[in-house]
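Look for chain A in each of the two complexes below; its partner is chain B in the first and chain C in the second.
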Partner chain A sequence: MSPFEIAEPATIADALALLSGDDPDIRPLAGGSALMLMMKSGVFRPTRLVSLRRLDEFTGIAATPEGGIRIGAMTSLAAIEHSSLVKQRAPVIVEAMRRLANVRVRNQACIGGALAHGDPHLDMPPLLAALGAEVTIVGPEGERKVAVADLYVGYYQTVLAGDELIREVSIPSLAGRHTAYQKCTTRSADDWPALGVAVNLRAGKSGISEARIVVGAVAEIPTQLRNVEMILQGRTLDQALLAQAGEAAAAELSPTSDARGSAAYKRQLVKVYVGRAIAAAMDVVAS
Partner chain B sequence: MSNARRKISFQLNGATVSATVENHHNVVELLEQFGLRGARESCGQGLCGCCTILIDDVAVSGCLQLAAMVDGKNVCTIEGMQKNGELDPIQQAFIESGAFQCGFCTPGFVLMTQQLLDRYPDPDDDQIRSYLSGNLCRCGAYPEILKAVRLAAEKRKSAATA
Partner chain C sequence: MKANTTQIGRSMPRLEARAKVTGNTEYTHHLKLPGMLYGKIFRSTVAHGRIRSIDVSAARALEGVHSVITGQDILALVPEPYFGPAFLDQPVLALEKVRYVGEAVAVVLASDPHVAESAVQLIDAQYDELPAVFDEIEAMTSEAIVHDVLKPSGTFPDLKHLVGRKNTNIALDYHLKHGNAEKAFAEADHVFEHTFKTQQVMHTPLEPMVSAAEPGDQRLTIYTASQSPSFVRLEIARLLGWQESQVRVKVAHLGGGFGAKLYIKLEALVAVLALLTRRPVKIALTMEEQFYTITKHPTTFRIKSGVNKDGRIIARRCDVWWNGGAYADIGPRVTQKSGFTSGGPYDIENIDIESFALYTNRPPSGALRGFGIPQLVWAYESHTDIIARELGMDTLAIRRKNILREGRPQATGTPMRSAEIELVLERVAARMKWDQPFDRGSGTIRRGRGLAIGYKAVVAPTTSTAMVTIAADGSCILAMSTVDMGQGSDTTMAQIVAEIMDIPAERVRVLNPDTDVTPYDMATLGSRSTYHMGNAVKLASEDARDKLLAMAMDLDLPPETTPVPELFRRKYGMQAGTVVGFGSFVPPYAPPDKTNGQSENITPFWMIGGTGVELAVDTETGHVRIERMINVVDCGTPLNPAIVETQLSGAAIMQIGFSMQEKMELDAGQVTNASFADYKIPGFHDIPPVFENEMVDAHQPGAPFGAKGVGESATFSVSPAIANAIHDAIGLRLTELPMTPESVYRALRILQNKPVEDE
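And then the complex of A and B:
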């Protein structure tokens, strides 16, 4: 690794002034777990890292009056995993944490880093996109809000400018929602996903009234399965519908091959795991 | 002093120390300055746990942690685990269970076990497996390691009630 400067601003204004809209060698530093890997392999050679750890506005987990949760960008994944509020209001996130990397990585990595990194092989982007979460972004022009579903534009690319920061992420109330995240790994149990499927359904006596399904690790960005969502609309869950959803998902996606599975293998995974994830959300067993 | 390096001071195994570090150095490199080699860089990617240390009582991979960022923090390594010449009950449990062959991975496993028992004093096998899943043992001593963790939990309990 080559030498660089580390800045530790105490205010958002100072942090923004230290960042740069057009110098890719200057970047914010959260937990540093992803940055360290990129610096060690030489794909990123910074001239300056701007640590966000002294920014009070970036910390904390709080309940919103609407029944949701606000999480500061510098909150560690472990703090989220062990939060009783998150467990109560969004247990699907706690579940997903258990198989995300290992205890040490979760202790170090922050939710802002997990969302801003833009690696398509992450668990939080598809999950938080499916839950309808939104990030608050601060920049030279002030604040703006962006849905996690709209954060990604390409391989390691987000809508964030170089001098913008994710300050927090807010998750809406999930009351009455059926949610699940199913992750398939092909190396070790807590490896980066070969496939991640996040499901968020509203269902009542007259069947499924709202469905949002987002998959990760098959394309350059998390991908919403709009055809499958349409198929589920108004239907009551049975094994035939689960199979139909899996088939439709495999037809809708064109997975790319990577180190964790070929395109053909991932297509097969999609077929099986989309059904499983919907079944898990509705608390039934997929046959 | 150039802005690529800085002077830091921190707690190291209970003593206040200071060091001059390059900003791009990681904590394993920092510990080498103090002659501490229990945390060693092996995979260098957060996967194997051989570099495990506790920063403010939280287990992290030293290989993924910038040395500059431990300024003002409390760092514990395997070398700090024995008290007054006596091994920690966790270390003792690893010896009694024969939970290693070459011992390369052992400091990491011992520190992760400490982290586990601090949160779950009476862990079930799932909890043990899930806490230790990020530590690799090339000698494959996993069954003995599981035994050692259960024994360590017992030792801690009886030490607490003694």
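And then the complex of A and C:
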């Protein structure tokens, strides 16, 4: 690793000015847990890192009047994990944290970085996409809002320009929702996911009225399983439906082979885990 | 002598614990010397090739670069720059040929390590590629020959027959014959044969290798994170043609070793760089570079047993191929010294063992926590289970029937003494309530249980020496070259001194190894220190104590009651003087017969380790969840039970990683997962929720206070116990490590006649 400049601007304007444009060797620094791996392996050799840790607008966890949560981009994953507000309003996020890397990483990594990084093998993007969260992005032109589901365009590629920053993420009210995140790893338990399945359902007496299912780690970006969502629509959950959903998910995706598993094996994981995640979502409410 | 022990068997906290957690412990990584240059290594990108050219001009021209050194530059200083503990086969930097991807080819030196690192990228080496061999079985007959000629080190008489041998990758062939296996196979009711494989893995000490050298006037000081300071001194002196006293080797605490930091790793390189530049030179590897330095042997083990109807094993043949990689390191010794236990802790009257150390174009293999034993137990304990199931026998019953009991001859002919094999097996079974029904799960979650037992002979013969100094106020200093790499040797050795001197162990100061000061020790390896160094420390303490007693007699003082400070004051008229006690220990040993491996006394002591596992298999995904693990060992009488407990947990968890998840993936010799991002060692969630350790009630005669080594014992049986439990759960036998979820799932589908169709 070679020496580089590290800037710690105190205002958003200064931060944006320091990022200035298209230079790929200048990047924002949140917790740095992912960036440091890239720097150690020599994939990324920065000339300047712009730390966001002094930006007050990027911090804090707050309740929204609509029953949701706003989380500043520089909030550590550990802070989210231990937030009583998050536990109350979005327990599925707290649950997902327990097997997201390890305590040291969660103390360091920030939610904004986890979303902006664009690595398909992360837990938060599919989960927050399924929950209908959106990010507030600041840039030279001001602020804009983008759904987490629309943030990703390719492998390590997002809609963020080089001089844009995620300032916060807002999660809508999950009242009446059945949610679950099921993570499957194939190496160590705290590995990046070989597969992550996030489920967000609304269900009543006449069955499932709304379904959103997003899987991570099998494709270049988090992928919404629209066929599975349609199958679930209006149906009442039973074992046959879970099996059907799993089969449909496996048919809808084209996993690729990598160090975490072959394509054929991952297809099997999708088949199994989509059903399990839907079941888990419903169990949460049943209890 | 005192009637009661106060320091032995005491679970005292480690002496260095406070310094470590407050960040005050000395590590070689912290070392900075005035005028020091940092070295960064340029490594081979081909697995086997002749070096055509190494263009270092651009690197040399980079601002801030002091120099760039290649193998050719070293020849001016050392005409024969090859090292190794058994074979002088490894060049300090590659010469003429490279033999694996990652081999050190050149070094850039600069005052700024970042400059050195940048300059390494500017070096351009060209190779004429040669055919490469990676598999140990292929290496037996391959046309790709890794070394043109075998170069065993001249100091070992048993390697003489290999001198000058050409056109072979077999570094060493080891043979043992006990009884008449061929005849017994013909008479056996059943013959079973299976083949098992293990993968290449890494030690993964959290402190990567680091060494520095400082030139002096006809002197050289080496600072290194090494498990074998005495060997480093000897080998560097030999390379330079110097006397041992001209080389000083200093070792701080180690952040883990596990066999990775033995013999010569970076020490020869920093030594020649310091002498060539006349500047202090330091090289600190990154975590990633460790994958190109030393690893654990991949193996293939074909095991065949002749068994009678009643389950009695009457014949066994073991063929073991050890993939040693490009340089022999200690591999040939693994082949021999672990080879003779290949048949397992069973009373088998007729046994043949053939064990081969092979060169291949992989990163070198050496000793890793168990010295080859886990690879052997993996095979023979999986095999034992299969035989029992084929015969319709209980898997514990077959072990009970064949277990090697006290006094019976081991495969080498050596009668077993003080080896609680049976007791360890029975304690595992008792803790598992083996005779009780077991919940086998239902639906897609199937449960099973399994056990395994393994044993190891400590390497022999080896020497330890120690020195105990008594100051005039009665305080003690222990000088020894045993390296505390986290296993707690400083603390347990201090307990031995304290017990003899009748003081609290906290008052014993233990010196870090420094070959100018601390006397010879063979090395900190193979669980040998407690017994060998423990004996030397005990002898040194007794020598010091006896000198104090003699001093009292001379002064006509009551020897048992006069306080030590009073003794010194009376003798020297003031607080002055020193008493030095010395101890030297080398155990009795009978070398094996060269033709059949038989010996009356093959080892000073045996280590026994048994493991029991209860687990659940997810039949839809192949995930295996180890719910309960029991590790039982015979380590004699523990000196410090709390430290033993952590040794057992640490060893077993490490072996869980090697069993379930770790594997160095190679593509044309290139390790493709050489980082912690992709090479995943166990995390907290991988540790079984119920984890039990037990030391059986035992006492090792001839050992210090009955204690023997324990650092490796809980690695032995982990892998086969898991495989046996998987078999119990779902009727599936795995024969290759690691047992990843996908490998379990695929094997299960084959068993169901529905193999996975790849896309």
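Details
Just so it is clear, the second predicted complex is superposed on the first by the 283 of 287 C-alpha atoms of A that agree within 3 Å, B and C clash if a C-alpha of one lies under 4 Å from a C-alpha of the other, contacts with A are read in each partner's own complex, and residues count from 1 in each chain.
Quick note on the criterion: a residue touches a chain if its C-beta (ideal position, glycine included) is under 8 Å from a C-beta of that chain, and two chains touch if they have at least 3 such contacts.
Small disclaimer: the values here were computed from a predicted structure and weren't measured.
Annotation: superposed three-chain arrangement on chain A; chain B versus chain C shows a clash. Of the two partner chains placed by the overlay, only chain C lies in contact with A:264; chain B stays clear of it. By the touch criterion defined above, A:272 reaches chain C but does not reach chain B. Of the two partner chains, neither chain B nor chain C is touched by A:244.
Contact with chain B, but none with chain C, is seen for A:33 once the two complexes are overlaid on the shared chain. With both structures placed on the common chain, the touch criterion links A:173 to neither chain B nor chain C.
By the touch criterion defined above, A:227 reaches neither chain B nor chain C. By the touch criterion defined above, A:20 reaches neither chain B nor chain C.
Residue contacts after overlaying the shared chain place A:104 against chain B, while chain C stays out of touching range. By the touch criterion defined above, A:190 reaches both chain B and chain C. With the complexes overlaid on chain A C-alpha atoms, the stretch of chain B that clashes with chain C is 95-103, out of 59-67, 95-103, 113-121 or 149-157. Residue overlap on chain A between its contacts with chain B in one complex and with chain C in the other: 1-3, 37, 40, 102, 188-190. Of all residues in chain C, only 114, 117-118, 286, 288, 620-621, 661, 665, 672-673, 675, 677-678, 680-686, 740-742, 745-746, 756-759 touch chain A in the complex they form.
Interface of chain B with chain A (complex): residues 2-6, 22-24, 26, 44-47, 49, 52, 58-61, 63-66, 68-69, 112, 115, 130-131, 133-135. Across the complex, chain A meets chain B through its residues 1-6, 32-33, 36-37, 39-40, 49, 51, 53, 78, 98, 101-105, 107-108, 188-190. Interface of chain A with chain C (complex): residues 1-3, 37, 40-41, 99, 102, 184, 186-191, 257, 259, 261-265, 267-269, 272-273.
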